[in-house]
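The following blocks contain the structures, represented as structure tokens.
Here subunit A shows up in two complexes: once beside subunit B, once beside subunit C.
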Partner chain A sequence: MNARQGQAAGSRRGGSTVLQAIRFIVLCVGAVAMLFPLLWMVTIALKSNNEVFQIPPEWFPRELHWSNFVTGTREIHFWRTFGNSLVIAVLSVVGQVASSVLVGYGLARLHFPGRKLWFSFFVGSLMLPGFVGMIPLFNLYSNLGWYNTWLPIIVPAFFGNATFSFLFVQYLKTISVSFDEAAKIDGASDLYVLTKVLAPMAAPVIVTMVIFAFQGSWNQYLEPLIYIVDQKKWTLALAMASYKGTYATAWNLFMAADLIYILPMLLIFFFGQKFFMQGLGSVNSAGLK
Partner chain B sequence: MKNALTSRKLKEWRNGYLFILPSIIGFSVFVAYPLLSSIYYSLTEWSGYDKPRFVGLDNFKYMFSVDPAFWPSIRATFYYVLMSVPLSLFFGLCLAMLLNRGLPGIKWFRTIYYLPTVVPSIATLTLWLFIYQPQYGLANSLLRTLGLPEGTWLTSEKTALFSIVLIGLWQVGSGMIIFLSGLQSVPYELYEAAEVDGAPRWRVSLNITVPMITPILFLQLILGIIGAFQAFNQVQVLTGGGPNFSTSLLNFKIYQDAFNSKMFGYAIAEVWVLFFIIMIFTALTYRYSNRFVYYESDNAR
Partner chain C sequence: MNKEIRKWAAGVTVGVMAAGLLAGCGGSGSNSNSNSGSDTGSAPATSSGAPSGSASGDSGSSGGQKTEVTLMTWESAEMNDKIMAAMKSFEQENPDITVKLIPTPLDNYGVKLNGMLAAKQAPDIFMTGNDMVMDNGSKGLLYDWATYAQNDSEFMSGFYKGTVDSWYLDGKLFGLPGLLNTYGIFYNKKAFQDAGLPEPKIGWTYDEFFADIEKLSSKQGGVKQYGYYASPDPFITSLYAVSAGGAPFADSIASPTKVTISPQFIEGVEKYKVAIANGYMNEPTFDLTNIMSSFKEGKVPMTYQGQWVADDLVRTAPQDLQWGFVPMPVVSSQTEIYDAVGWSSPASIKNPDAVWKVLKYLDSKMYEQVLPQTPVAPAAYKASASAYFEALKTAGHADVGEGVDHILNSPNIQPVRFLPSWAGKANPFITATWPNVLTGKAPTDDLNSMAEKINKVISASS
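Right, the complex of A and B next:
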């Protein structure tokens, strides 16, 4: 509601045509600067290796070398690595979203002693720098025999994500408690209320969580770097980071592989743009409340 | 009747704890345990394989007076935070203000500016590694085409850190969206009132828009500071801390000391120093925020 009002307010105060034009031009220049690195990447990925190292450079490839995508992805054992990343991402998403939804429901809807205390612990832990736990946890996982496995990356996902729980709590606040009460009078359990009554109504925030959890997992670098030595277990992030060193001479292949690594995120972005924006918007409301 | 009530209450208590159990376990194991145990580890010499040996404050003494890499890395970290946080906030806010009002193609602009933040961190950094490559990279090719002198980018200690900051500005889109949603929730009545009073445009921006979004600015500032102090990937992928320690951010040094040099006790001591610095910065920001952060009602906090 508010958002629409603000926008309407904005367009009415759109300003003089000259100012509008200046604004448009500034935005165009900025947009070109934003897109240029990505477009350059695409042109390199389609060039032959000789063309890449040509001086002066030609901006566009003379012939399109689509085969770079095949060769480039083979160099990083793409399908294996992609599979690894995908398995890790799916499990992390399921774990984080499921556990955060449970925790969020408990914190938002159930009354029990210590609720506020735990809530402040969870939210407070967001302020802690992530690396504080890095070394003791490394030691813990090594003692459990989890070194060089995916477990240190996947298992913690199932024990709640404070940001997501917080988002879910905030969202549940916008849904009237009378829905819960009506179901409970009919004898429904808490789990039923959560999964059958509230979750469908909270679908937008759950989708946002899924997207951000996937993005987080696809981006993750430090943990895999610390824990996974065996190349066969590498994720795409690890493979790309080491590829840049080993094959620094074949830029075209590298860029092709890098583009394929980005592709899933781009697809999610184009189909789920709304949820990205919503999710970031709710970061706001979280901060304001 | 009373019994039934208490048993229902007890059931709710039990269910409450069952529902938040994942996070209680998560908090205890992944937050509290490492936090508390690392207080002890920071006072030990520990290679990660053998038993930690208690050495008192020796780690800190070594850090402050012997380790030749410590102060340069503190310096780099401060420079990095002081450059990257204000710059990203400034550009994020400017972009949001430009994109807040109606304009042809406004949706496209928003999408384009947000797009770089979708690119995974490692893909971004490896891409920029090639962009900054002195001979064939995009940056210098572009400068040559325009007839400008070439840049040294990551190869000189004068420019390396700033080049890393620049990559962060390419990803200013997420901050922009957060500011944008804040701008759009500024009540219309305020603008209307200003219009009736005939206030000039710049006054409207300065006296209405900016104060109304200071709470968001404040939150972004805190999160930005915490995030910037923890920068790691950039250094690991782009420079390895060089040239001459100019990009050796503390978090990267901690990683190296722990996992390359196997000085776990020492690295944990460094973690505590970094943690302490972050706390001071956050506390100072909180303290001075009262002066500039505007809350609509006092009890909104």
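Right, the complex of A and C next:
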């Protein structure tokens, strides 16, 4: 290597190091921005109520109030409402994912008259804000006698989710139909093809749907607020909101309970993130088709 | 074998989920009790006979059986426990009536209530704001207590003068005020001492006020400290106008028919404009969300707040913080902001006699027992308000009680905001014009155009 080549190689290495450093700094800034709210929640959860709004703010509490986690959960009957939310969330996830997979398979693989039109309807329904259907649905559920029950929150999950159906359709486009044909040649039914051939291959997008469905149900507030009256049937979102008083709010207790509230979501995302990234990534490439 | 185990596991999981679903789906025609000590009934209540839910307002009584009266508040769990503990005394005095609490979060309380009213599942008594009363009352959703009020003049005369008036709509009484929110100025005594100023007293003037905020503002080490932290809106500025002998911004609390920009109103606006331009007080866009934290740190000389912050200051302010409370200043006569929350009932209640008894107790004796523990606001019922004042006196802040009492006895009261349902259409005109006028970005004449537009909205809705 001559001097000029050596110099060029050195520049490339230096440039690469500089770029890496910039990338690292940007990622660190992003990580801090993402982690800061969570860590601030932890510090508030461990403070007394007097210290919460202290100026200048103190990062470390003067005294660690671990009892906030006990007091905070006791005040709002946390574990009962946690159980209620879990039941509703699991059923909603099962309903949404199962029905959306069925709908998505039908739109992607079955050829029937009006298939494209139905697909357009599904995608078009995503443009409608949720509030548009709130009043007519409320009237429907009231007349059905579902007021003060979990049915208005759970049953609609079994009627498909337009977004998830769209995701599944797009993902199936990345899977060759030769797999279906091969299975059908061996005598497989459509249901068998879906459950035994395609679903395992579509695990990333199904896990993505599970994560989104769980998140949506876990954080749902308005529907439980409107339809549930009996406090024993409250979801965790309603229980958390009851911390807020007209004149004062115990923010430290709220944060303590909130940390436990977000734990299931954090765990689900932590264990499912690999599939989640695969699922979203494949949809991105499939969307071009 | 593995397949069988998987089948069994799936079956058990589905069974558990179904059991959970059924547990949450029950409720039709059954009276499920609320808990955490909030259901104080000790004997079975009469069945509501409602088609669904336990929160029905259809509480009926029949010959000697207990009547259940349901009650809903937006208070926190802690406050609800105190309210229901107080209601135990009522139940002992009235053994034929049980009171059942239906808790609900504060957030989107109005949405929840509207749903319950629409489903005819509203509780017999629920907490409500004055604006919600006007809105729901105009739609015929609320019970008219006018006859009961007329027949119980002794009880009705116990309220602070003028506080019940804005709960009437077209001659019908759609609720009773419970707690009153008063507004005044919390000040730092040390800041006044350091500036060589006497502390503000009841009856102080706007000239003294604007002179004080000038002297209390400073800039030390590049950090700006205003003398006064507040967001004066047209309703607050209307206090200046009326005190100076001018017309109020809104001519009525419950049902304004017009808004007026009087010369005295303009005079008040100009004074606030000068204060903002010179840095004596904050601009309209200043974020006041956590101003009380700064106040506790001793960094705020004066701030306009509701009296409820006194409870928080008593409990959490540092020991060395010397603070006081004073009503708004005057030009010549006293006028104050009126703001109340209270109680209403749905039009569908079946046993108004029992509900009226509970309502009266809630509005009077309940507050006598609860307010000493949590002195957040004075009761609209005079005899119960004394409990609030006593609690403040015990905490060493009789000045707050005196100031609040002075405000409540004001001969003239004005609205804190537009209450009728057209407020949603009128308020954007204020939002679009007011901050620009205060900061000098728009001429003061724009206020006339703002008033014109609001008056058109009022005319269109009448």
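Throughout what follows, the second predicted complex is superposed on the first by the 219 of 289 C-alpha atoms of A that agree within 3 Å, B and C clash if a C-alpha of one lies under 4 Å from a C-alpha of the other, contacts with A are read in each partner's own complex, and residues count from 1 in each chain.
Simple rule for what comes next: a contact is a pair of C-beta atoms (placed from the backbone, for glycine too) under 8 Å apart; a residue touches a chain by one contact, two chains touch by 3 or more.
From a predicted model like this one, the values you see are computed outputs, not experimental measurements.
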Partner chain in contact with A:Asn49 - subunit B first, subunit C second, else both or neither: second
Partner chain in contact with A:Gly133 - subunit B first, subunit C second, else both or neither: first
Contacts of A:Leu222 with subunit B and subunit C, given as first, second, both or neither: both
Touching partner for A:Ser165 - first (subunit B), second (subunit C), both, neither: first
Touched subunit A residues, subunit B compared with subunit C: B
Partner chain(s) touched by A:Lys233 [first = subunit B, second = subunit C, both, neither]: second
Which of subunit B and subunit C A:Leu110 touches, first, second, both or neither: first
Partner chain in contact with A:Lys244 - subunit B first, subunit C second, else both or neither: both
Residues of subunit A that lie at the interface with subunit B and also at the interface with subunit C: 53, 55, 138-139, 142, 221-222, 225-226, 241, 243-244
Residue ranges of subunit B touching subunit A (in the complex, touch as defined): 12-13, 15-20, 22-27, 29-31, 33-35, 37-38, 41, 48, 95, 98-104, 108-116, 118-123, 125-131, 135-136, 138, 141, 144-145, 170, 173-174, 177-178, 181-188, 191-192, 195, 201, 204, 215-216, 219, 226, 229-230, 232-233, 236-237, 251, 254-255, 258-259, 264, 267-268, 271, 274-275, 278, 282, 300
In the complex with subunit C, residue positions of subunit A that touch it: 49-50, 53-55, 75-77, 83-84, 87-88, 90-91, 94, 138-139, 142, 145-151, 154, 221-222, 225-227, 229-233, 238, 241-250
Complex interface listing, subunit A residues touching subunit B: 2-3, 5-11, 13-15, 20, 23-24, 26-27, 30-31, 34-38, 40-41, 44, 52-53, 55-57, 99, 102-103, 105-107, 110-113, 115, 118, 121-122, 125, 127-140, 142, 156, 158-160, 162, 165, 190, 215, 218-219, 221-222, 225-226, 236-237, 240-241, 243-244, 251, 254-255, 258, 261-262, 265-266, 268-269, 273, 276-277, 280-281, 283-284, 287-288
Subunit C to subunit A touching residues, read off their complex: 17, 20-21, 23-28, 32, 34-36, 51-55, 74-79, 102-108, 111-112, 115-116, 118-119, 121, 290, 292-294, 296-297, 299, 308, 311-312, 316, 341, 376-377
